[in-house]
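Labels run A, B, C, D, E and F following the written order; every chain starts at residue 1.
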Amino acid sequence: MNIFEKTKTLIEALPYIKEYYNKTIVIKYGGNAMISDELKNSVMSDIVLLSLVGMNVVLVHGGGPEINEIMDKLGKKATFVKGVRYTDAETMEIVQMVLCGKVNKSLVQLLNKNGGKAIGLCGLDDSMLLAEKLKSDVDLGLVGEITQVNAAPILKVLEQKYIPVIATVAGGKDGEVYNINADTAAAKIAAAIGAEKLILMTDTKGLLSDINDENSLIPQVSVSEVPALKKQGIIKGGMIPKVDCCVEAVRRGVSRAHIIDGRIPHSLLIEMLSDEGIGTMFV
Amino acid sequence: MNIFEKTKTLIEALPYIKEYYNKTIVIKYGGNAMISDELKNSVMSDIVLLSLVGMNVVLVHGGGPEINEIMDKLGKKATFVKGVRYTDAETMEIVQMVLCGKVNKSLVQLLNKNGGKAIGLCGLDDSMLLAEKLKSDVDLGLVGEITQVNAAPILKVLEQKYIPVIATVAGGKDGEVYNINADTAAAKIAAAIGAEKLILMTDTKGLLSDINDENSLIPQVSVSEVPALKKQGIIKGGMIPKVDCCVEAVRRGVSRAHIIDGRIPHSLLIEMLSDEGIGTMFV
Amino acid sequence: MNIFEKTKTLIEALPYIKEYYNKTIVIKYGGNAMISDELKNSVMSDIVLLSLVGMNVVLVHGGGPEINEIMDKLGKKATFVKGVRYTDAETMEIVQMVLCGKVNKSLVQLLNKNGGKAIGLCGLDDSMLLAEKLKSDVDLGLVGEITQVNAAPILKVLEQKYIPVIATVAGGKDGEVYNINADTAAAKIAAAIGAEKLILMTDTKGLLSDINDENSLIPQVSVSEVPALKKQGIIKGGMIPKVDCCVEAVRRGVSRAHIIDGRIPHSLLIEMLSDEGIGTMFV
Amino acid sequence: MNIFEKTKTLIEALPYIKEYYNKTIVIKYGGNAMISDELKNSVMSDIVLLSLVGMNVVLVHGGGPEINEIMDKLGKKATFVKGVRYTDAETMEIVQMVLCGKVNKSLVQLLNKNGGKAIGLCGLDDSMLLAEKLKSDVDLGLVGEITQVNAAPILKVLEQKYIPVIATVAGGKDGEVYNINADTAAAKIAAAIGAEKLILMTDTKGLLSDINDENSLIPQVSVSEVPALKKQGIIKGGMIPKVDCCVEAVRRGVSRAHIIDGRIPHSLLIEMLSDEGIGTMFV
Amino acid sequence: MNIFEKTKTLIEALPYIKEYYNKTIVIKYGGNAMISDELKNSVMSDIVLLSLVGMNVVLVHGGGPEINEIMDKLGKKATFVKGVRYTDAETMEIVQMVLCGKVNKSLVQLLNKNGGKAIGLCGLDDSMLLAEKLKSDVDLGLVGEITQVNAAPILKVLEQKYIPVIATVAGGKDGEVYNINADTAAAKIAAAIGAEKLILMTDTKGLLSDINDENSLIPQVSVSEVPALKKQGIIKGGMIPKVDCCVEAVRRGVSRAHIIDGRIPHSLLIEMLSDEGIGTMFV
Amino acid sequence: MNIFEKTKTLIEALPYIKEYYNKTIVIKYGGNAMISDELKNSVMSDIVLLSLVGMNVVLVHGGGPEINEIMDKLGKKATFVKGVRYTDAETMEIVQMVLCGKVNKSLVQLLNKNGGKAIGLCGLDDSMLLAEKLKSDVDLGLVGEITQVNAAPILKVLEQKYIPVIATVAGGKDGEVYNINADTAAAKIAAAIGAEKLILMTDTKGLLSDINDENSLIPQVSVSEVPALKKQGIIKGGMIPKVDCCVEAVRRGVSRAHIIDGRIPHSLLIEMLSDEGIGTMFV
């Protein structure tokens, strides 16, 4: 690639930089996209770049694989009920340690190494996330659902030009700590802080009209089309909760929500700064 | 106690409230004083009170017993070399998880429950603490010593009227995470942010002229007297590093450093807001 | 009282300090409670404490006894009509001199001596209080009623962390200076600056259900109950105008108004910072 | 005077308005110039004009004649020692009442009536003036000399676009209130707040080379010439302390100090806003 | 004129200075009143004075005679259609150069010379004026009408205590630059920035009830009377667009609009700072 | 170029964006690089990009060709003395009109069209550039040299997030307007506002060690080497004044000064945001 092609790329990014200047972007990052150290480093580098060109980036993360790893070492068996981790008190303690102490601070360190300025928080800091036990027909233990988001600590940290990195454990009025689904938390946080965009980085290409055909990606979906797409079975399985998060965020004022493929290197930059879109956008 | 005695107490606190209004106080809390839940709650309540009457409180904490507990569960044996935890990579990962993810966030939650507004941080956030491997004649693994304190994140968090709660792990230029002695970290932080006071909450009454006589407490020591007291064997054993922290803090501009007995309920309030002093003050 | 009882008192004050943090409290002080130098000093010390623990205190004062004293010296007879001082031009000059020049500045000096930072003002400063001749069936001379409160000078002085001390003389559009009842002025000021609380320090225990029984104190009254209490003769005589001030303040948005016994040492602290209430609260 | 002459006057004022824009001017006003109501009103109107065209005006006042008047009414004889009022405790009480309660607040009211925004203060407010007993070979009672000026309350009041009006009583560390010479106070205040100009409004034309010839006014004097002028007897009698005030102010950084004739209507405007000077300027 | 008459003038200006303190005044200056260098200098001096006594002055200017002069030199014939300059692309280039490069910057230089602080802008700066081709039955070339005013650059420049001087060329969405009538631009700008007053400096005395009688000036007109005055032929010819500008400004919230005689020396000062009005005021 | 190459370019830009975040860059643009409309548009687009990624860009421009064009139209012959335009009064008027009215505002319009926010200024605005007649052995008319730079208007405009575009005419204390060499002005402005970098966009590749070999570019020169390079004849002819500007800027605190080839599309982006350097850098 010669120098003139390089400048073309920079010039192509210009309108996107303008469009998102000083706008807030909530990025949910987790799952398998977080396992490869190289990919993780490249995602953090992308976030620093977005932050430097003027966006207010908020990083919300999960950490399932790391939790499993520590539970294994502790000889504790992970139990999943309908795809949700059954969380007894001991598990919750491990979840909190791993998410807030290991994953969160490692991402912070990686962002700082890449030239960003990051601060690691969780739902307990300044009572940011308030939760209660998730209502469910089967008991899930300390799995919670968010009842209130206190936007203040996130906005204050953004105001001081930090990238807030958020682990999704939440406190309850009962003094318990609850395990919160990170996609849902990201959607609620995006709505609460008035974000322009929510980006869920996943292990899929996005929404496919034919699940077996990677070329059948649906690039854009209106939230009003979602019920029909569910009926047709196009939105199904593990995609349902992710789409629901996008729908909720858009309904609560976030302009656009995206499901993108976190396994593609620099998918964030491609989505945010180039003419190419990537994944599925909900409007 | 009748109402008139109550008001006398409040009136007695007045000059201390005035003296420390808008001054910064660094409190090191940890060890056995942190084990009892009741005591822990009472210390957090005291900190909230000090914060509400106008002091800028910074809480630095350790967490040895909790680390040991998790290591036990993981079937990993804790090794101590000259009283310092030998920290291999696996241990460091546990230390980080426990300090940043468990102890730190629990203290934050407890402060918030008591009506404070706290944010949990560690040395990795905004690269607050920079460390390198501790120089020592025996290898201690990832035990580090602080080479630089970035005061910015602490000052910014204070400015927004939060109580910063700090876990003492630190990043290295080599990308490693280091385990840092919490007393030393508290002393360096106090100096870096221009604190008025450093308070080390310990498991002792303070400096005793006769180690066997609890009534032989030395209430005040000038830092210039310390070498003589060491020679006389009055400062010895585990007291040496604590006194050294106090000396370093005072030498670097902190007006007063205290070693107080964290086992006494509300020892912080007694020290800060009453005519009674408690423990030993270094000036 | 030992040290542990002391700390209990401080801890007991914590929720009150939290509740009134950065809230505005208007205190009316005057009459006989102001005669004893010791009591006066103790009230000023209490006000400084409330100010230091984060409340915005505004002190409104009267000064009847001091006015009488100077009038005596000047050989001028004080005339009272229905309990109100008949105020001819000469009397008004004396009232202004005594309130603004003597009582006001002495209270300022006393607050400063106790470690506060106070500024003495009157209704003429920045045209804070605008008044016209009080409508009445008998002529009362230059007794006025407030037609407008300019909150700006009080808010500006509070913003600069001063305790404003206010003498209740007011200017008229006619260029006259009017003598204003201090209770009424305090109520109007409290409403105008959006105070949380109005406290009238009086020479009584509060509202008694049986005037002859000091133990019959009514601790709390809803403003809607006041007409009935008047009918029953429980609110009568000199209590009527004081209760009316409380009612007006509450009606205009002040959350709570109190009539407390200024003769009890530290009654302000007891009311504001302890579980014990004192006097009667109007809600 | 026709309209074109009017505009010439306004145009003539332009360079002076520019020169003193946002500069601080301390004006001492008192004595006989304050007796005539018409003159007093016209001086206040001038001060409002200077304030509106962008100068930060501080008004320091005395009030000898009013004090005498009240003392007469109280049947108390004024005693003067070497031109200074002997001030026993009772006299001091009267001085304070008259200066802070009567003269000060009347000037405030008059400034407000003329469209200014004024706040009346005295040396007791925020401990602005600290004094001790004046050292003298004859006892003068509670006559004080200033040992310290706290500029904060004056600067804060100016910052909020108020005209501070200052009565010159001062508190002592001994708890006493002292009577302070207003010329001296004005000079010390001007130095403490970094004023550009000090103007003493007096009952004389300024410094005359021949005391019997009103046309012998010396328009400008360098402070270095003062000792010689004293030797020559040109500066003598009541002029000496006034000149000394000017010298002290200039020595402590005030650019220019003026002695002007307060009896001439609008002498302030003539001095500040026209090509004509008036009185004597010390540089 | 003696000194006492001078001070009378200054005193007379006081209420006007008060009234317009920190208020925004848009002044349209142009045409023949701009030809005489002496008159131009005197207008700039007046503007600086108004600015120094606390008004936020915005100067909008035309420059017809200067444009004609340069066109002559370039051998290009000026064509007028119904009193409006036909503006082909070449003419537009000249108009822009002369207005933005010559007239605008000369006025800025003159204001600065007179002690003001001025910044020269045009409708292109920060896209302040957006225009489209003026709809008209005859083609006028690049004569535009304003479709939008971006108040931000004017308000920001005022906020930094500069006098904005504005040349009335405007950009179109089509990339063209349009020639804008300066009276209309001034009216639209006055409305957009919330000005208190619009003053059109013209070559007439104002609105005359009898065009042949200079003494028949109508000092004040309500905008509701304008249609009737047009019908009666009192508002006619070149006066119509000027009156329409005043009407539009008043309709859009500008309190008062004036047509004054720019040929009278210091007509601005007379209008703004004396009891004499001048010209016709629309309310 | 595929999407992965694109992201590589963006990632490559990251460290440069970080390095120049919130730093000030003065860019001199003019001469032949300004003739092509396409090139001009591309330079403006680059400047907007640099501005959006966080740099404070100041654009200083010349306009020789445009001046010549208008002079031709006016039938006025341009005279050059030693490469400098002889500037009589008539020429100066044209220079001012063309630079401030045509070139400056066109660049502003182009920047705004590309999504920037620009304000056009010249040396007369807020007396930004003060000049006197250039000392020279032959008379050059109104060619001036800068004696003082008032940084305030530039800093204020930057503070409000505008791109200041500066035409290099300057006012003299004598009331004249002077024609200033744009390279020199850029260097002096860069020094006065504490710029990090000065970039002269020229019609050359940079400094060549062999003038006939475009591949002999010297990428970096220390200012201490300049005298030797002049002696060797490597810096000669038209390159001398450009190099002197760079040397002066570096001597006065600008970290780096560059001579780059403005004819290469996007040379600014290549220089500022890629690993490739371009032209010659003076350190």
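Everything that follows uses one rule, which is that a residue touches a chain if its C-beta (ideal position, glycine included) is under 8 Å from a C-beta of that chain, and two chains touch if they have at least 3 such contacts.
Just so we're clear, the structure is a prediction, and the values are computed from it rather than from any experiment.
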| item | value |
| --- | --- |
| Set of chains whose contacts include both chain F and chain D | E |
| Farthest chain relative to chain A (centres taken as mean CA coordinates) | D |
| Inter-centroid spacing, chain C versus chain B (mean Cα positions, whole Å) | 45 |
| Gap in Å, rounded to a whole number, between the CA centres of chain F and chain C | 69 |
| Centre-to-centre distance between chain C and chain A (centres being mean Cα positions), rounded to whole Å | 56 |
| Chain C and chain D: spacing of chain centres that average the CA atoms, whole Å | 35 |
| Sites on chain F at which at least two other chains make contact | none |
| Contact graph of the chains (line, ring, star, complete, other) | ring |
| Order of the ring members, counted from chain D so that chain E is second | D, E, F, A, B, C |
| Complex contact set, residues of chain E against chain D | 1, 3-15, 17-18, 21, 45-46, 48-49, 52-54, 114-115, 265-266, 269-270, 273-274, 276 |
| Interface residues, chain C side, partner chain D - complex | 70, 73-75, 93, 96-102, 104-105, 108-109, 112-113, 117-122, 124-127, 153, 156, 160, 162, 169, 171, 175, 177 |
